[in-house]
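Going in written order, the chains are labelled A, B, C, D, E and F, and every chain counts its residues from 1.
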Amino acid sequence: MTTRYKDSATSIDKRVGNLFKAAPAVMTPYSQLMKAASGKGALESKMKELMAFSISIAIRCEDCIIFHLRAALKHGADREEVIEAISVAIEMGGGPSVVYGGRALEALEELS
Amino acid sequence: MTTRYKDSATSIDKRVGNLFKAAPAVMTPYSQLMKAASGKGALESKMKELMAFSISIAIRCEDCIIFHLRAALKHGADREEVIEAISVAIEMGGGPSVVYGGRALEALEELS
Amino acid sequence: MTTRYKDSATSIDKRVGNLFKAAPAVMTPYSQLMKAASGKGALESKMKELMAFSISIAIRCEDCIIFHLRAALKHGADREEVIEAISVAIEMGGGPSVVYGGRALEALEELS
Amino acid sequence: MTTRYKDSATSIDKRVGNLFKAAPAVMTPYSQLMKAASGKGALESKMKELMAFSISIAIRCEDCIIFHLRAALKHGADREEVIEAISVAIEMGGGPSVVYGGRALEALEELS
Amino acid sequence: MTTRYKDSATSIDKRVGNLFKAAPAVMTPYSQLMKAASGKGALESKMKELMAFSISIAIRCEDCIIFHLRAALKHGADREEVIEAISVAIEMGGGPSVVYGGRALEALEELS
Amino acid sequence: MTTRYKDSATSIDKRVGNLFKAAPAVMTPYSQLMKAASGKGALESKMKELMAFSISIAIRCEDCIIFHLRAALKHGADREEVIEAISVAIEMGGGPSVVYGGRALEALEELS
């Protein structure tokens, strides 16, 4: 088992952390927005992270896939739920979501 | 109350119906894919339609917003859940998702 | 038969014509680029316009769909070829390309 | 002179206002983020609004074009500057930015 | 000559193969859709793969570029035709399609 | 300090140079368009490159980020201005622009 996706997650955290220091006036409200959007409400956090994960595949953003997959797993998403979120992305994104979905599945095997 | 979004939904159905007749070899498997992706599994259909709805806002596709909002409502999504799906789209899409989220909310008022 | 897509084509021409007058230093080379990209070469112009049309659906740009569909028809594309270009877009774009493909088909009925 | 773009601007304001009421926990930090991102800093607000306007064209978001064009004009952007921001979008977005740039120019004639 | 793009193609096949096993209910119809969309009809398969390749550049999906370039070459596309498909993508995608077109050309040198 | 982004810049130049040789009829006018769009006018070249850089983040194109960041720095953009251009991208792109903004900041540290 490689650590490719874990390493990516570490790099994302470091880069976003640096951006936070460089642009706190923008990143502080973004951080609040993110917490409000993904915090528990009528929908569970797990579901919202799966939603953000599904969007990440549909828009072809690998860093976003890793970031939100990790968060969904942390909130208890299981393998079947992750695969179904990939499936919705394929419905909405066609072939490009198939190849990014393949990366998402590979990340799932490594991160879970 | 206008019927702008209901009329759009009717037009979408008609256009997609015509496309089905014109390209059955592609649309038949697409239709199966859609059913498989949005059917009940580890996640409920309601959740999957909210996911597709959230993607629709993030990618700025008004017809998709209407189509998947209607499906989410049909599967029992309530106002609070729809608004939270809009919120996740804003987290993932910034300003453009705010303006399309505004359209989604307007559609919600009309379609629900 | 409505004239919705013909009217759109007229508006596009007018707006792009005005942009040409307002920004000739950018629009003149863009116009040359467009001619070079879509002119006959190893591939026919018809094929290149169908390609641009297919991209237009995949990226959800209605004005682009109308513009390149009209050009493809002018270069002799027939109904079956247009529908197959829509099908490739659906392969590459999933659900959003289905709804924009539906608009493209409607434009085809009107413009051909 | 029609009032198409002014009417759109009014509708955008109304829809975003409603979204603010419906999802204050997300829209309040988004509003702060927007102010921080577009407020005067090393770059003037005018320049930042032209930047957001240019992004709006490149990503094909008409509501965003209207919203940020109006803001750029309010901060003193003149016709030549707006046209140059359209030109950068065309450099970055090709044909789709030409057709959306044409809409942006039409909005400029009406809103300025 | 490196084997970067060949290695990528191998990884894509492996990841998509795993996705097929993990989500057969979605991937089976997607596979049928793909065959229907790219099979010979009024347009040759070569042309349809060049179309999918051109879309891949326009939407900035490197895995898609490699996948559809390989398929186009397998169906007999020659260097000149591939370069013209890149050119149409540049017409439709501007600068980002120039840099992804540069990657596509590099892949062409390696894969052909 | 790694040379990751400098190496990327070198590779981009090489690939685009090769594309220029392979498709001069398209690349020559694109090059003129680029010069016209980014040359000094009512707005400075620095500002236009920051605009193109901001678009690059919003559309998630790493090669474009590197290309236009380098150009903006060459035209005298300072650290604060670059960070503000990243901030506008976050306003317009949400989470995906945060992660690509993090890459842009990392590139800034290396290239400046």
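By our rule, contacts are C-beta pairs under 8 Å (C-beta built on N, C-alpha and C of every residue); 3 or more make two chains touch, one makes a residue touch a chain.
This structure is a prediction, so every number in the text was calculated from the model and none was measured.
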Any chains in contact with both subunit B and subunit D? A, C, E, F
If you take the mean of the Cα atoms for each chain, which one ends up farthest from subunit C? A
If you tally contacting C-beta pairs, which comes out ahead, A-D or A-E? Let me know. A-E
Which chain maximises the distance between its CA centroid and that of subunit B? F
Compute the distance, rounded to whole Å, between the mean C-alpha positions of subunit A and subunit C. 35
Please tell me the distance, in whole Å, between the geometric centres of subunit A and subunit B computed from their C-alpha atoms. 21
Take the average of all CA coordinates in subunit A, do the same for subunit F, and state the distance between these two points in whole angstrom. 26
In subunit B, residues with contacts to at least two other chains: 25-26, 30, 33-34, 36-37, 52, 56, 59-60, 64, 87, 90-96
Answer with line, ring, star, complete or other to describe the graph linking chains that touch. complete
In the complex, the residues of subunit A that touch subunit D are 25-26, 28-30, 32-33, 36-37
Seen from subunit E, its contact residues with subunit A in the complex are 12, 15-16, 18-19, 22-23, 25-27, 30, 34, 52, 56, 59-61, 63-64, 67
Under the definition above, what is the set of subunit E residues touching subunit F in their complex? 60, 83, 86-87, 90-91, 94-96, 98-103, 105-106
Sites on subunit B touched by subunit F in the complex: 90-97
With touch defined as at the start, can you tell me which subunit C residues reach subunit E in the complex? 33-34, 36-38, 41-43, 47-48, 50-52, 54-56, 58-59, 64, 78, 80-81, 84-85, 87-93
